[in-house]
Amino acid sequence: MTTIALLLITGLGLGALYFLIAAGLSLIWGLMRVLNFAHGAFFTVAAYAGWSASGLVGGASPELQWLVAVAVAVVVGGAFATLTEVVLIRPLYARHVGQVLVTVGLALATISLVQGGFGSDPKRLALPAWMTGTTTIVGANIPNTRLLVIAFALAVFALLIFFLRRTRFGLIVRAGVENRAMVQALGIDVQRAFTLVFAIGGMAAGLAGILAGTYYGTIDPGRGTSMLIFAFIVVIIGGLGSVTGSAVAAIVVGVLQQFLNFYGAAGVGDFSVVLLLAIVLLVRPGGFSGAST
Amino acid sequence: MSAPATLLAVRDLNVYLAESHILQGVSFDVRAGGITGLLGRNGVGKTTTLRGILGLVPRTGSVVLEGAETTKLAVHEIVRRGVAYVPEDRDVFAGLTVEENLRLAERAGAPLRYDLVYELFPELEQRAAQKAGTLSGGQQQMVALARALLNGDNRILLVDEPTKGLAPLVVRHVVEALRRAAEVATILLVEQNLSVAHSLVRDVIVLDQGRVSFIGDVDQLMGDAALARRHLGLAAAGSH
Amino acid sequence: MTPRVRLTVLVVGLVVLAALPLAGFSIPGLFEGALGGPGTLNLLALCFVFGALALTYDLVFGYVGLLSFGHALYFATGVYVTAIAVTRWHWSLPAALLLTAVVSLVLPLILGAVCLRMRDIPFAMVTLAFAQAGSILVAQNPFGLTGGEEGLALGGDTLPSFLIGVTNTRNLFWIALALLIVIYLVAWRAVNSPPGRVWQAIRENERRVAMLGLNPYLYKLGAFVLSAFLASACGVVYLLLQGGANPEVTTSGFTLALLVMVVLGGVGTLWGAVLGGVVYEYLDFRLVALSNTSAVQALPGILRVPLSEPLFLLGVLFIVLVLFVPGGLGGALRRRLVLTGATKGV
C-alpha cells in the first residue's frame, strides 16, 4: 500500500511534467499543424536561465532564489517561444514541413549551445529546505517536490481551461483548431493567435523545465529532449489539439511508466508507454479525445 | 438616389489549384443593393470565385471593393472591410455552442444586429447553449447566415448554395431570410436551385469552365429557354 | 552535359575514388595526412556510408513525402543485430548477415504497418516514438546483449581477417564505396520503376492515387520497408568501419541529423541526398578539428563556445537553408549549372 501510494504520486508528478510540455505542443499542433521540436529547447533554455538567475541572487533566502528561478524560467520560455514563432515559423507560413524542419534545426543548435556553454554535467538547483523533505500520505513518505509539481500542473490546467472557455482569445483558439480558414473568414487575425499559443506553450514548457529541475534536483542539457518524446506520445494518445485529453493521457503515461519501471525491469515502463501508443493507434487512430479543448 | 453604383468589381481573376487552371480571367461587377446571382453548372468555379474574392485561395487579378483594391490584403483584412462569407458546407464550429459561434463573428466597432438575427432565426436564441455540431443542416445554415448578418457594417455577403440539401420548408425559410438580408446588405449568391435563384436575384453572372459566359438580367436568361439551356444546361428553366 | 558525357565523368570519378587508397600524396587543409592513409580513408568511407544512408532516407522523405523520425532505428538494426550475432553468439559473418537481413525486413514491415495508419505529422510522431523504444531497449542492455551505454565492440574471432586492423582500412573503404554505388543504383531503379512513379504521385496528391484505384498504403509500406532495409545495410558497413556498435546511432538526435543531411543536399533528388550526407559527415568531423585549433581556442567565450559545437553550426546552417534555400545545396548547385549552361548556349 505504501509503495503503491509512493509510485502513484511519483507517477502523477511525472505526468504533471509531461502535461506542462504536452499542453502547449497540443495547442500549437491543433491550431497551426506544426510539430514543434523546439519545445524541448524552450524547456532547456528556460531551465538554465532559471538556474543562472537563482545563482545571481545567491545571497537571498532559498525560497526567494527558487521563486526567482521559476519566474525567470517562465518569462524566458515564453519570450524564446514568441521569438521563435515570429522569426522562424511565420516566414514559412503554408510550408508545414519547412516549419517542422526549422524547429528541428533550432532544437539541435540550441541544445548543443547549452551543452557547450554549461557543460553536460548536471547542475544542482538550490531548493528551500521544506522541498527536500517529505510528507506522509497513507503511510508513504512522499517527497514534497512531487506534490509541488502536481499542484503547479493543476493550476496551469485550470488556467488553460479558463483561458480556452472564458476568453475571446480562447474562443479563437478553439475555433481555429477546428477550422482555421473559417476563423479568418470571420475577420479574425489568426496570426496573433499563433503567436499567443506559442507564447503560452513556451511559458508552460519553461515552467516544466524548472519544475523538472526541482523534481529531479538537477538540470542537464539532455532532459528536455527525452521528456519531449514522451510528451509527443502524450499528445497523440490524448488527441491532437485537446488540452483535457493531454491531461488525462499525461496521467496515464506517467503513472504507467512509474509502476512498470518499478515492478518490471528498468526501462520496461518506458517501453510499455510506446506499446500503449501503438495499441491506441490501432484501436483509435485519432487518439482518445476528439474534443477541441 | 442615383443608379446603384458598382460595389464590387472583379477583374481578370485567375486561380490555379495544383495543376488545374480553375478560373481563367473572370471579370464582373456587382451592383450595390439586392441580390446578384452567380450561376453555372457544377465544377465551373463558382465557389472558387467566392474564395478568390476573399483571398482564401491564391489568385491573380484584381478585386476592387467600393473603389479600393483588396487583392494585397490578408483574408481577415478583406473581411473587416465588410465582406462576409457563408460557405457551401456552412463551416460552423461544431465544438462551439451556437452562442459562441455568433460571438466569434462579432467585430469590434461594428453595430451588432442580434435583434435582426433572432427575429429571422428565433431557433438560434432558443438553442444558444447547444453545440453547433448537434444541429440539423438547416439550423447550421441559419448559424452560418446569422454570422454573416450579425455585423451591421457588412457591405456584401458571399453566400454559397444556402439551400443545398435542405428540406423544402427550410428552403423557404432560408429564402425569406435572404430576402430580408438583401434589405441591409448586397448579396452575391451562388445557387443551384434555379427556381430559388429566379425568385431572389436581379443581375446574373453565369460561369462556364472557369470563364464568364453570360452577364445580364435574370428574366432575360430564364425567360429564354434556348439561352438558359445553353448557359445552364437546363431545359425547364423558363417554366418558373 | 549530354548523358554520355555525364556517364564518362561519373565512371572516371569512380575509378579515381577507387584508386584513392593507392595515393601517397596529401591535400593539406582538406584532409590530414596522406590521402591514401587510414585516417583519411576512414573519414571518406564514413562519408560514403552517410551519403548512402541519407539516400535511403530521401527515398521515404523526399520521394514518398513520409516525414519519418524513426529512420535511425533501421540503421541501428543493421549495426546491432550483426554486432550481437558476431560478438555475443560467435556466428559466422554470413550467418549474421542473413539474420540481419531477415530482421531488417520484418521489423519495418510490422512497425511500418502500424505507423502508416497515420499521416503527416502524427505519422512523424509515431515513428519517433518507436525509434525511441528501440533506443531505450538498446540502452537497457537486455540479457547483456547490447552493452547499454558502453556500446558493443565488435569481437574478432569469427570475422574474416581482411576486415580487421588499420592496415585493412582500404578494404573497408572499397566496401563503403561499393555500398554507396549499389544503394544508389537500387534507389535509382526503384524511383524510376512504375511503383516509384506511384510514390511520387502519392507525395503530390495521395487522394488522386487512391481515386485511380491504387492502394497508397501498400505503396507507402513498400517504400518504407525498402528504405529501412537499405538503411540496415548501411548500418552493417558502419559497424565494420567503426569496429563496434555505439548507442548514439539509436537516438532521435541521429535521425534528426539524417533529416539535416537530406535537406542540406536537396530533398527528392538522389545525388543531392548523397551530397548532403557526405558534406554533413565531413563537416561534422572537420568542425570538431576546427574547434580544437588554437585560433578558435583563443577566442573569447561568446565566440568560442558556438564555434566549438559542430551541432550548433550545423543546426544554424540547416535553419538558414530551410528558410532561404528550399532546394538545399543540390538545388542551388543545379541552378548554377543550368544558369552557366544557358549562358554558354548549351
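When the chains are written out, they are named A, B and C in that same order, and each has its own residue count from 1.
As a working rule, contacts are C-beta pairs under 8 Å (C-beta built on N, C-alpha and C of every residue); 3 or more make two chains touch, one makes a residue touch a chain.
Everything numeric here is computed off the predicted structure, so don't read it as measured data.
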Among the other chains, which touch chain A and chain B together? none
Can you tell me which chain is nearest the middle of the complex, judged by mean CA position? A
Per the centroid of Cα atoms for each chain, what is the distance between chain A and chain B, given in Å? 44
From the mean C-alpha coordinate of chain A to that of chain C, what's the distance rounded to whole Å? 32
Using mean CA coordinates as chain centres, what's the chain B-chain C distance in Å? 53
Provide the residue numbers of chain A that touch chain B in the complex, in ascending order. 168, 171-172, 174-175, 178-179, 181-190, 291-293
Which part of chain A faces chain C closely enough to touch in the complex? 29, 33-35, 37, 88, 91-92, 95-98, 100-102, 104-113, 115-117, 225, 229, 232-233, 235-236, 240, 265-267, 270-271, 274-275, 277-278, 281-282, 285
Touching residues of chain C toward chain A in the complex: what are they? 67, 114, 117-118, 120-122, 124-126, 128-130, 132-133, 136-137, 139-140, 142, 252-253, 256-257, 259-260, 263, 301, 305-306, 308-316, 318-319, 322-323, 326
Touching chain A in the complex: which residues of chain B? 54, 56, 74-76, 79-80, 85, 87, 91, 93-96, 100, 103-105, 107, 147, 151
